[in-house]
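See the structures that follow.
Shared between the two complexes below is chain A, which pairs with chain B and chain C, respectively.
Entry: the complex of A and B
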């Protein structure tokens, strides 16, 4: 039994005042402090983003982080505005988890059913690429984060359900209204075009018009290609760069490029 | 002080029940409202009331510990079930009750099932001995303190039997350590109690309480109180002396192999013993259900005042145990034994000498005269 006190608690039993009284005083201080209000937030009844906790609960000394405020770039459940969705498929195309499927929503026009994204939150990684890609700003991400459910099928959110999220007016990412910054445009390789109208038919913004092209005179011995003598012209101010026309073109005559 | 006692209440209940039955079925009214029948039923109701009160208090004690420990750790305890989580422990109990009991292969069936049962039953018997308030006990036994401590020290035997019959060598080791610890700390507990007995001159808990009319015994016997509380912590296997059990490290130690209702028996018995420990501290050192004489008599004159003050003191003493649990780290085995043999027993002996000196002098300068320093 050595007389020297060691700082690592070796002789804890030999120093009852030091090793019993001091921790008990610390615990009592903590008890008195948390009697008024503990640092925990009773989650289902209270929420971290409730502004009334901004001054009450300090997670870290100094400025409370994440308490009482919601960051505007929070990435939670999506909100979909079906009315402005143009069915451009860009969200499903940009999704790295392949969790977005374009499904038909019952619209007013039965002949031309509208397709809107349906999101499987069992696969979603909340990267936000879809809302970045959305040209109309109709698919954004909100601050809702409660997704737990006992059934896997309920993890798949239909467009109508996403539209309800939109209607609930949650704080959401600022809707980006400006067009993509790249100067890429849809260009046409005229000799390949057959004038089939597929691009104009499928363009979500109806910015493609088929214009007549002059039918060249056939020289003797030359056989004119069998085609419709029309060519697509893209209205660049209306185009949202979704690329639908490129993917539907049967002759691969449309491509991305920058016009001089 | 109220004039109603536990027995009178149960007798009235029994008479009421039998008279109602007799009113509904008139032919049997005369035989069943006989005094002997009412007395037998009153005794049964007496036991049932004691059992219900002890179980209810045990479960409330678990709730009290969870809430207090939560505040010590800067959180809230159970919050969801019932008001402020009051019903959470009932829900936990029902969950354990519904579970299958699982018996390990080649475990000794008799020991495996009788160990936890006897552990809990011996803990519940204690509530028939401890007086709660004046009249609220099962008769003032002249040696009730001795009987209570004797039953209290049955526990190592049953723990050892349960651990041994689990057919698990680690459970057996844990049971051995638990039994060794409990037996080692019996000595300072008894020595601390001896000083109280010397000062009060009685082994009856009721008499000990009434001997504290002038001053509570924790004043002159503060050393004995410290020894008693520390040794009681070791007896209850609570932190910082919970090394046989060590929830996080040893997967519950000696009751590893127990699940379902048998585990609930251990859990309940642990808290029953914690409640008994708190009650003993209140009875021996804190004046039981009495209040100091300078307190206005209005505080003790309303009905059931004794029980109220007694339970208040008991829960505060248990709060002290929780405070210790929230503060101190677990000790090692060598530290445990060193504290037990090198510190506790000398301190308890010192307290015994102090009590003997007080009885000899008969008057304490600060606290006044010893009321009836007989013995």
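Entry: the complex of A and C
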């Protein structure tokens, strides 16, 4: 237990000269410091994320405030690399504010259009869950923070606009979360599977292969189930755990679980 | 003189946020007060029932906009208890470090606002300038200055960057000097002392009767600090003292907060030393699939049906910069918490306004309410 008291310990109220002179002396000292270099910067013309401030900022009087290298993992406007996006939907699923929508971007294959995130910055809370969730590292956050616009519709950034942010080569958030060792996998409930190929068709990483299963011999009087005699096999090292296969499975025969 | 009611708020320099203090006056004397809250109600408890456990964290930062880390820690402790998860030790130390830096940042913000209520402009600028250093530290390891989203159920998002602890120590050294300067500016000034002494007195038994906690309670001579009395995270292993004063007036609250900042510096030095020598994992390794990653993709409902997850409830109480905050989380085995309930310290502190405002002058209201440290974001939630 400590008794809270002034840090110098003496009672300044006893000495009338001290309690007029001391605050004035402190204020005068501060004023003298501010003459050398102000604690602030001239914002629209100077910016703290400017690389030339990176090594200058310091905890010293007469220097612009800051502790250096604070912009390394800043969470600002996203940058999207459309070329490496695999359309896995994980960013949209992880968004707490439901501000990410997967929209079609024109691609090489008109039959299978590619879907990339479109972000509504009017709703975005800059939590970074989407860039944490991105398995390919194509959706990251940059140091851009100026978003003012007179029109609300301009707050919606299309994938192409996010790709332009990516091309502008801003510093990007380097933090990548590591998946845990005992990561759960996609498992199959074989009796339910009808071999429809939906999971393998929609898998963004093409890690599901349909392998033949032996067709059992029908006993007399028994009717075999009507199905394609194939079953999905998941390559765990390529799987990004997006759950697309589970959502498209018509028979709900895929599920999360740990493989022994 | 005739009596009349006046509204101080919802937009008034005294309020520091969106709330209304109705005051009944007779000339200059305050006869009765009636605090009105609810202008900033966002329904955070209800929204939480619709979000995954990790997604609630984004709401916690917006609960109190000057002490986001304290509320993150509060919710995370309750959620981990409800989900039967134990975080690794290094994550707990990082949380305590964030908590204590947040306490310094919040108290500096309070200092700036409080002295501005008294009409002192220069200390306001000093307080805001030094708070920026703390925010810079937060930005260096979380990537944001106000809404951090750093803690996760089962650990924290990432480690501090290399060289961070040295920079943090530099900031602590700088702040140690500044505390001395603040004292010279305020406690050394006759005007400040005559404005604040014997003002807004709330005695210990009144504090207890109205649920007033935090620096206001300690300024009334009660030694009550949840970090000591009900240690959470790693506070048991850290050496620090509880700040306390006896006068129960505005000056006593000022002194308690100043002493708390010095004690936070002391705690932070120990935590930074520990962090230097104990590398380790950031996340617990026995997390269920839908919590291990920061996202909860589809298919999880089916997953939960196929293997039932243990239910539970979690209660946590944290010494927030403003007082004692409590959280209660009910886990019914679904992806979302079934019910989340928070207890805000400031709500109780300003609900007792009648006890410490009646009998003083109208001009005394800004310093008294300034010494309460109001954060309306957590009052209304």
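To be clear about the criterion, the second predicted complex is superposed on the first by the 192 of 260 C-alpha atoms of A that agree within 3 Å, B and C clash if a C-alpha of one lies under 4 Å from a C-alpha of the other, contacts with A are read in each partner's own complex, and residues count from 1 in each chain.
Rule of thumb we're sticking to: a contact is a pair of C-beta atoms (placed from the backbone, for glycine too) under 8 Å apart; a residue touches a chain by one contact, two chains touch by 3 or more.
Only a predicted model underlies this, so the values are computations on that prediction, with no experimental measurement involved.
With both structures placed on the common chain, the touch criterion links A:229 to neither chain B nor chain C. In the superposition on chain A, A:35 contacts chain B only, with no contact to chain C.
Judged by the touch definition given at the top, the superposed model places A:20 against both chain B and chain C.
Of the two partner chains placed by the overlay, neither chain B nor chain C lies in contact with A:121. Number of chain A residues touched is higher for C, counting chain B against chain C.
When both complexes are aligned on chain A by C-alpha atoms, chain A residues 12-13, 16, 19-20, 23, 26-27, 30, 39 touch chain B in the first and chain C in the second. The touching residues of chain B, counted against chain A in their complex, run 68, 70-76, 79-80, 323-324, 326-329, 331, 335, 338-339, 342-343.
The touching residues of chain C, counted against chain A in their complex, run 51-52, 54-55, 57-58, 122, 126, 129, 132-133, 136-137, 139-144, 147, 149, 157-158, 161, 163, 167-168, 170-171, 173-174, 179-181, 183-185, 187-190, 193, 223, 241-245, 252, 255-256, 258-259, 262-263, 283, 285, 287, 289-290, 292-300, 302-303, 306-307. For chain A in complex with chain B, the residues that touch the partner chain are 9, 12-13, 16, 19-20, 23-24, 26-28, 30-31, 33-35, 38-40, 42, 44. Of all residues in chain A, only 1-8, 12-13, 16, 18-20, 22-23, 25-27, 30, 39, 57, 59, 65-75, 89-90, 93-94, 96-97, 125-129, 132-133, 141, 173, 175, 177, 179-184, 241-243, 246-247, 252, 254-257 touch chain C in the complex they form.
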